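Below are two complexes that have chain A in common, paired first with chain B and then with chain C.
So, the complex of A and B:
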């Protein structure tokens, strides 16, 4: 299992606070922090400085791989390995192959996107540390791991207080 | 709210078309009438084929705009509240659709084989279809199509305009019910309209997917036009804040989706006919695979699907205005080529013709479309300002 990092977490009670907190945490130079929320928050990408995911590139490349795989499969089975005359059509009949190529494009792209998403999120997480059980319901948190640049426990404590955190916890995530 | 970090200043100005735009619209309309009159006397067959192509092409925007408005109401969409009025403007052309389809009947003798007694006599196959393919019934169908579109546009757009004045939220609820009804009506009447106007040009041939095919192209091009108008209104400063790159991005997603949908339907139609290889079905594609028509057929595959699809794939491309203008222009041109490809091979075996009549009649309908739609934009607010879902649209934000 992946190892969890030690660090400090601050609990917030409103969406405005967590957005503000995420923005200030980023502005202070922290890069490895996590903003935790029970639901997607508009504007969080900019506030927390989250870059675009690399998953779409996996989707695109695997789509192309699927397309070629479909072409290869239909060509090899229909024209090379077991040629059968179907309705007098040429053995290599692209229009008949396109549905297979399309399906494999979608199949490869979709499955590899899901796999990439699992990998990117570090799933499956069995028994993850629980910072606060209400984070899946109505509370929000910022977690800064201790290996982040410029981490100093007392300063982070003070920083969280200045952001108006309702609770500060030493925990792992 | 979450997007409070975006400070939005909102304003809508009254639309006033520039003098060049007005002159252009009038000049195009005049050219159209000139082409109509000259063609009527000198070369009626070419004139009527041009008329049919241009008429169907422009009608697709009017009904497409109404369809966009309809699905926004059915889906109770919030994101599009700020841009819906621009699409509502397209429906100002609908009365011309009704009149234009009746004018088209003047040319039915030149266009539709099934109106000619000598053909009916020679071909029992075509004669057996006259229970459906006859002029009185076709006239009735065209009137029903045009009238229903006008009525529903009057009701739905009318409610939206009324809401501008009194802010009554129940009008939005009423539009949802109207939208559900018109979704069904549109599916049926637009299919019949396409079959009557375009598919019956070759009365021995049939394709059950035909209505979906024309629908897919129609909506694809409507989104392209909508993007161009949104960018125009935004960048000329008529609308500030209500239309942003976020809305453009979402309409561009729609454009990409319908690009794929069009290709999917086009290929479905082609592959089944190609695979079954039955003579009465293949004639349609044989005509389009001979001589110069093969070039047009391939250009549809490449320029109406592959190029726009790849050009709209990256997220950045859908948010790049200059890039979008080029893609939308390509889609609009290819939609004309598509309708042209549906009409012309029936009349011109083996050789591609394009000239004065095609340009003039297209100019005419585009000119009338500009005049009617600009008049609508001038008379009404460019944004449905009192829409109860406007806050959603204003704060609309496409996440990664």
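So, the complex of A and C:
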């Protein structure tokens, strides 16, 4: 299980503030901070310096695996393991196998994308610490952990104040 | 310049949105809900008893017999699978087209998909007659050879298509629900609620990195569900089209079935949404008349596509010069089952034309009645395709009719009990509008602030 870190959190009340705060936190050189919001915010990736998600590569590769699995399954069972003549059709009747290959492509790609998301987001977590109950409703937060580069409690406090935080907390996240 | 219509009415704040949407699951259920739930549940129990009788006695209780080997079970299976398709269309295809109005109806439409597919999935399993042997449908290593399933059969393609569709729809729906479960968890005032929704939320905390992955996965699932939904009804139509029976053996079936599925599904979405708006008045600010109007336009458009398919089938039957093909279609409209054909045409092609008039598209009572007719019409479409094609085929000595029995009615009516029980439970236990998705589109169409 992932360990939780100590650090300082600032709570903001509007979307504009959190975007500005994320941008400035990144510009100050913090790299391990988290920006927390109740919904995905347009422009947050750029502001917080988050790279494009790598999950599409998983989807693509697992889609190909699903496609090959479909081909392998139909070919091996129909033409190799127990070949049976059905209506005089060739043992390896590719056109008839395409629906199976297609469905398995989708199934593998979809399930592995979701599994990759769980892995990337560290889910599931059992009862993780939350900074404020309203962060999944109408408030926003920035959390900077103690081990981040250039972390100094009094300075971070001051920095949060300058951003217009409505509340500053020492907390675990 | 054209002004965008507001997607959320009533100048809501972020907090109001959360409170409005979770209200139905935090308060004591209303009398209407309890009344509807008990009726639905009674019907569901009746359905279970019917299934038990039919399975323990045998398929002979239904009207299926030679030459009509496919009856209520298959008709109703196609009906429910079709209903599910509108949910995926709204949640996936309209998402890819960046139609922001879909946001407020997507969650409930997806729920409808999941429940409709669950309801549908039982029919082929029961129709095998010996449902305890249904695991034979899957290719698993066995001690009979191993004797594998026949991958050249459309019925087996169907097993793969429907089970993939059920799995992917369920996962897509659940992934969208995770952040909303977290919202409910953080609002929970009692321990059990905190525990249950905490477990369902998987510990979601809404960090920017998670949102970035979440949005990507949502997009990927929408992209994967789009071809999937088209493939599912295509493959369902192959169950018919790959056979050699006149009336079934046509190349128009895949697009015709997909259009019909979307048509019937939107009919069901309108039926359910009108009821949800009455039951939960706070949702009227989210599921506005504008949303309903857009869906009615889709009903009208897909109704015309279905009408085009009906006409085209007749034209091709005549143009093919094949006497069997011609006979089947004349028989379809003017034979023993002609009445069902005309019910279908009236409900699916004629009645939705009322939506050309704007005031009709925006009237709740009118759209409710039309949506019921669409549901009836689309059930009859599958009845017409299945029964009229089978009852008179090539040889007059092989003709017969469908002996509709009490159990056919019971199975058909009972399946609504199952669907409605699940749907009513969903309305009470899950947030019926996506909280995290509606918040970013709140300002669309408002003065001064714009969407992107």
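What we mean here is this: the second predicted complex is superposed on the first by the 173 of 173 C-alpha atoms of A that agree within 3 Å, B and C clash if a C-alpha of one lies under 4 Å from a C-alpha of the other, contacts with A are read in each partner's own complex, and residues count from 1 in each chain.
Note that a contact is a pair of C-beta atoms (placed from the backbone, for glycine too) under 8 Å apart; a residue touches a chain by one contact, two chains touch by 3 or more.
Owing to the predicted nature of the structure, the values given are computational and were not obtained by experimental measurement.
Novice: After aligning the two structures on chain A, examine chain B and chain C and state clash or fit.
Specialist: Verdict on chain A: clash between chain B and chain C.
Novice: I'd like to know which partner A:80 touches here: chain B for first, chain C for second, both or neither.
Specialist: neither
Novice: Could you figure out whether chain B or chain C reaches more residues of chain A?
Specialist: C
Novice: Kindly classify A:46 by the partners it touches after superposition: chain B alone (first), chain C alone (second), both, or neither?
Specialist: first
Novice: Is A:16 in contact with chain B, with chain C, with both, or with neither (first, second, both, neither)?
Specialist: A:16 contacts chain B only, not chain C.
Novice: Touching A:138, do we find chain B (first), chain C (second), both, or neither?
Specialist: second
Novice: Check the residue A:113 against both partner chains and state whether it touches chain B (first), chain C (second), both, or neither.
Specialist: second
Novice: Applying the touch criterion given at the start, work out whether A:37 contacts chain B, chain C, both or neither, answering first, second, both or neither.
Specialist: second
Novice: After the superposition on A, what does A:94 contact: first (chain B), second (chain C), both or neither?
Specialist: The answer is neither, since A:94 touches no partner chain.
Novice: Mind working out whether A:64 is in touch with chain B, chain C, both or neither, as first, second, both or neither?
Specialist: It touches nothing on chain B or chain C.
Novice: Which segment, 7-15, 43-51, 97-105 or 205-213, is the chain B region that clashes with chain C in the superposed model?
Specialist: The superposed arrangement places chain B into chain C at 205-213.
Novice: Overlap the chain B and chain C contact sets on chain A and report the shared residues.
Specialist: 40-42, 44-45, 50, 52-53, 56, 87, 96, 99
Novice: If you look only at chain A, which of its residues touch chain C in the complex?
Specialist: Result: residues 22, 34-42, 44-45, 48, 50, 52-53, 55-56, 59, 73-74, 77-78, 81-82, 84, 86-87, 89, 93, 96-97, 99-100, 102-104, 106-107, 109-111, 113-114, 116-118, 120-121, 123-128, 130, 133-138, 173 of chain A touch chain C.
Novice: Provide the residue numbers of chain B that touch chain A in the complex, in ascending order.
Specialist: Residues 1-6, 267, 270-271, 274-275, 277, 313, 315, 395, 397, 399-400 of chain B touch chain A in their complex.
Novice: Enumerate the contact residues on chain C facing chain A in the complex.
Specialist: Residue list for chain C touching chain A: 13-15, 18, 139, 145-152, 154, 156-157, 160-161, 164, 167-168, 171-172, 175, 178-179, 182-183, 185-187, 198, 202-217, 220-221, 224-225, 227-228, 231, 235, 238, 435-437, 439-440, 452.
Novice: Spell out the part of chain A that touches chain B in their complex, as residue ranges.
Specialist: Those in contact with chain B are residues 15-16, 19, 23, 40-47, 50, 52-53, 56, 60, 87, 95-96, 98-99.
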